[in-house]
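Next come two complexes built around chain A: one with chain B, the other with chain C.
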Partner chain A sequence: MLERRTPLESMPEGLMPDGLHLAAVRDRGLLLLQSASSPAMQQALERELGLPLPAAQQVTALGEYALLWLAPGQWLLDLPAKMTASIETALGGRLEATLAAVTDLSDALISLELGGALAPEILMSGCSVDLRPHAFPPGCLARTALAAVPAILWNPGAPERIRCLIECAFADHMLSWLRSATRR
Partner chain B sequence: MSRHAHRLERGGRIDRSRPLDFEFDGRRYEGFAGDTLASALLANGVRIVGRSLKLHRPRGLIGAWSEEPNAIVQLGEGETTVPDLKATQVELTEGLVARSVNCWPSARADVFAFLGIFAPLMPAGFYYKTFKWPSWRWFEPAIRRAAGLGVAPTRPDPDRYEERHEHCDVLVVGGGPAGLAAALAATRAGVRVVLVDDRPVLGGALQWEEKLIDSRPALEWVAEAERELRAASHTRVLTRTSAFGCYDHRLVALSERVAPQSRLPIRERLWHVRAAQVVLATGAIERPLVFPENDVPGIMLASAAMSYAAQYAVRPGTRTALLTSTDFAYQAAKALQARGIEIAAVVDTRADPGEVAADARRAGFAVLAGYGPRRVHGARAVRALEVARLAGGAPAHTEQSPLRIECDLVCVSGGWTPTVHLFSQARGALRYDAQRAALVPAAGPKGLQCAGAAAGNFALRECLTDGFAAGRQAAKAAGARADAGVAPMAQPERCAVAPFWSAPHADRRKAWVDLQNDVTRADLALAVRENLRSVEHLKRYTTTGMALDQGKTSNMNALGILAELTQVPIPEIGTTTFRPPYDPVTLGALAGRRIGALYHPLRRTPLERQHAALGAVFEDFGAWRRPAWYAAAGRGRQECIRAEKRAARGAVSVFDGSPLGKIEVRGEDAALFLDRMYYNSMRTLAVGRIRYGIMLSEHGVIIDDGVCMRLAEDHFLVSTTGGAAERIFSGFEEWLQCEWPQLRVLVTNVTCAWGNIAVAGPRARELLALLSTDIDLDPGAFPHLAVRCGRLEGVPVRIARVGFTGELSFELNVPAGYTAALWELLLARGASSGVRPIGVEALQELRTEKGYLHVGTDTDGRTLPADIGMGDILARKSEDFVGRRSLMRAEAQRPDRLQFVGLAADDPATLLPVGAHVLADPQTRRGSHGYVTSSCMSEALGRSVALGLVQAGRRRLGEPVEIYCDGRLSSAHIVSPHWYDPKGERLHA
Partner chain C sequence: MLRIPCPWCGPRDEPEFRWGGEVPVLRPGPPEAVCAAAWAEYLFMRENPKGWVRERWVHACGCRQWFVVIRNTVTHEIRATAPLGEPLPEIGP
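On to the complex of A and B.
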């Protein structure tokens, strides 16, 4: 079997200046869920994972699963990598009778987590959304531009943490941008 | 002249224990910490600080901050130099080097001063009238060289700049009394507040107007307010920060000069502040008076003279006359006298200034009421002011006048102009207030209000109450519940004004309106005589208000004079449009960190590191960084590309096709939907098969091409060209969401989810057979233009028998994370088959000799399907599709359209250059019948090959043509574009 790699392989991790912490979120899978009917999706997810659908620009989480709202009729399921294939099949089966699609995007996006009290400020040097804790509490999500590329930002609930989902083709760009943003 | 010759003994908010050396125009001087460059120059007795733009007249300081039109300097040297700063806004630092712009060798002794002699030859509209023959372009380079202000650094800027987005409930612009009161009210109400001020210290005019607030010195109140604001965790105070632009929905742009003492290696920071409520407490700018010779160094705004004396302990003159049409000058007279400056007289253009003049007379001031200025004596410095009694608005000769007042400083005070720039930029309406002789804010956009002097409330008492009320109201509108408390209080004061727009005069002396651009009252009068009576025309024709200072001291006077000249009241004339920036912003701040590698985000393929290890030379193709070719030691570019092409034709090649757009289309109406999106019919495509298709815009023009694969009855995979994935995907979404929401289709962009490696060449199947897969690769089971899903080396794969080289070809699609390992495996296993990676250059040449067109290279913004030989489908396809209607137009069916053909140079060794034209008439070398779009030397065919768009090309196959490029002619024949393997036998191998 072929070896699986990510553009974040060579990413240096750990503490940066000002108590910032940057880490690649590894061993996670991403399933894009599309459905013309929210109730059908709601039912499939509740039966399969017990997860309720999030409201617009929100995230619902249960254990190791997080469900991100992306657009009307579109969600992203963030789940343990090893569960991706089986959940994809299971959800696909439950949604078979409706107009719906489950797509594995695990390799399409990279997931970065920036921690530390200054994390919002660093990200806001290239993003116009207010990411400070009072405006972006746990469970909040924004689809926006970060460093001039499309990004999904969300608050996973841990204090002072922000997750960034970026197209994998922009991984190098995002890492150089973060390096320049945190240079002191 | 001794150092600090004009420094007052006491006072000022400068640090006399920290002297700072600096250099101006090559001479060394000394100032103190806390000085601006302007105040330090004045302290050293430097009166001439700049030269005017057109006539190079000597000019002195008029203002003390952003309104200054004369003291324009180039700061610093080498790569960090900044042009066109106002000396009044430059904080003095140790070792500072500055020179005045627009003069040589110095402002003091400028060799271009002779230009003044030619002033009569340079009236308003001088450029338009003079440089007409033979054409403006003939003169432009020389004039641009002569007219430059400042110089840009020639080497890259080593400094760092930052960008920051900020959100708040209340943004207060301006840290004067009104702004501080507003910020205090909002902060006390408990909302998130940002207060910005462009000066290094808060307080605004309170820094030099010595007044009382709540019965104690105003500066004590300022210090306490600042402490309270800085201590509040929900309030941010930014000094040295200029709010230069106000945009839709209360987005305000700020440029922060990071404090020189800050240890951060950052020079400037650009802020984008989005506020729920904006309070503009931007103050007001004093107006000078327009009278003959009003540009002699030593004529200064009364407020500026007060600022120099009180803030910097600098004596702007020893004996001053005040020339005014307002009550404010009497305050200034008292303040300047208190600083030890002798007051020669207060000359008031108003016949009866009332109590304020009576008070002044009682205090011992000489007041000349009803007098106006006639002229100034002195060329390089003021020696005396000549005034006369006004009769019918003009200074007249009477028994006592003209009167000559000996003085070395004339303080002018013509009223206050509210700083409404930001309000107006945000489309706030202005209204002329005759009592205040000012344009004041009227209706504003939602959530945006002016307060204090910016709203026309010039007295301190009104500034404080108005500012506090605005802050309280803004906080409430932003959702505050807490009470803001009581507004600070000050004494009432007199602020009457009777505008005196200009002193009419008969002689040839010049009365300056715009000092930086050298626009006189006579220029305005000439423009009006030439019927340029609209304020917008007047501005552009005379250039008044178009200098670096954007008319901060001149626009209102120009408007008043225009009203007098045209006999049209000011409200009917209106005003010119205020545009950002309020004050100049450096390009460094605007660029921020978007420079170098971060300038344009590029996509990288999953094989970036593998390509680099193989010596790839990368180039940017669309939004992707891709290997153009692979360099080998000791070989040139052409040689390497030839070797890549040989491998593709003779053995087997691997090509990274990951950037190819991949869009999944699913649902029961998927086939119907794609039938509408493609020109080609897609409903008839069998499951497991692939069809080449083109997509059209609504105008029928080809916008993209690629293959469409049917994976299941209700599941298609659309492949787009590398740069088009997002564009095509958004197009799909738009049609589905806006036009056909009833179609049961879902589209998903999976471009980045899958890696793509094209294995092509006669030994491609042999190489794939070395890998483990459950897909039958036999040509009988897996023919050309078929697609198979299965597993390859244990991972999911979609293999498509398509390619762009014209050889037996398999495109392997695997989840992106496995692409690198698969690539390495193919190169390792294929070593014995002669496998070679090929780059975009080789692929382009291979497809050119095959005659495959490349959309955007071999087509342009006019190319229709029939032009590339696909016209027959239109008649066969019964269903509607995007662009169909446009193909019915007569223009689309003209027989002489440019058509896609091959072009064969008669000399097989001649490479026809891309862009070369097919001559319509070879004799005269005139007219074009089309052009070469792709061209290369073909190894396989042993000759040059070219593709092109030629008028009625397909009917002219075999016809000889002459091809012209850069003076060279080549003979060629029009041929079929299918140079290599025209029957396509190699594809089906």
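On to the complex of A and C.
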């Protein structure tokens, strides 16, 4: 059996300067939800998890679950890693009769959490979205290009925190970009 | 740089998007009945106007959706954007 590892395993914690915290978000699973019918997906999620669908560029959260808007008919469910397989099966079952797909993306994306007063400014040096607290309050989400690679940025609700999801293959690029952006 | 208003994500910088060419460009058919000149017309010939043009863009680094933009090729002003299949204002003078 292969051991589960992420490219962020070797990342030293707390390496960043004052005003910026950077941490890998661990033990989370990610399910991509796609549906030709939003009401069908809405019903499946409400019955299974009690989670309402978020509006465009928004996130809905309940307990350990967060549901991220990705595009029309597409959402990403951020959930505890140990729940991923059972929720994937359960949602798949509820959506069986509809044109929908539930796909496990846990190993395709990595999740970073940036915190501290400097976090918005540093991220904004690499993308064209206003991430300052008044413009990017809790529950806000943006899919954008960060440091020239596709990224999903969202505000999980904790003060001064921004989560960043990127493709696994860009992990080293993102860490080295963050280091140099922090030095500037 | 253009600031393009994605119908779903709002205004973003141009590098997040890819250009998809003028619309409408209709594929002729059926293939066995189309002469070389008509294929060449379909593949290569565009209006390329000086002024207002209707074109397709995709928000490649964002929501990855295609949409239609009315843009002025001289001033780069963008008058309207809309999801594919939804009505847009007519191109004016």
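Simple rule for what comes next: the second predicted complex is superposed on the first by the 182 of 184 C-alpha atoms of A that agree within 3 Å, B and C clash if a C-alpha of one lies under 4 Å from a C-alpha of the other, contacts with A are read in each partner's own complex, and residues count from 1 in each chain.
Simple rule for what comes next: a residue touches a chain if its C-beta (ideal position, glycine included) is under 8 Å from a C-beta of that chain, and two chains touch if they have at least 3 such contacts.
What you see is a predicted model, and the numbers here were worked out from it, not measured in a lab.
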Partner chain(s) touched by A:A36 [first = chain B, second = chain C, both, neither]: first
Touched partner set for A:E48, first chain B, second chain C, both or neither: neither
Touch count on chain A, higher of chain B and chain C: B
Which superposed partner A:S125 touches (first chain B, second chain C, both, neither): first
Chain B versus chain C as contact partner of A:E113, first or second or both or neither: neither
Contacts of A:L70 with chain B and chain C, given as first, second, both or neither: second
Partner chain(s) touched by A:Q57 [first = chain B, second = chain C, both, neither]: second
Partner chain in contact with A:E160 - chain B first, chain C second, else both or neither: neither
Chain B versus chain C as contact partner of A:R143, first or second or both or neither: second
Residues on chain A lying within both footprints (that of chain B and that of chain C): 128-129, 148-149
Chain A contact footprint on chain B (complex, rising order): 160, 162-167, 264-265, 272, 274, 593-594, 597-598, 601-606, 608, 624, 664, 666-668, 744-746, 748, 750-755, 793-795, 814-818, 820-822, 825
Chain C residues touching chain A - in the complex, by the definition given at the top: 8-10, 12-13, 15-16, 60-65, 83
Residue ranges of chain A touching chain C (in the complex, touch as defined): 56-57, 70-72, 128-129, 142-145, 148-150
Chain B-touching residues of chain A, taken from the complex the two chains share: 1-7, 32, 34, 36, 99-101, 103-109, 121, 124-130, 132, 135, 147-149, 167-173, 176-177, 180-181, 183-184
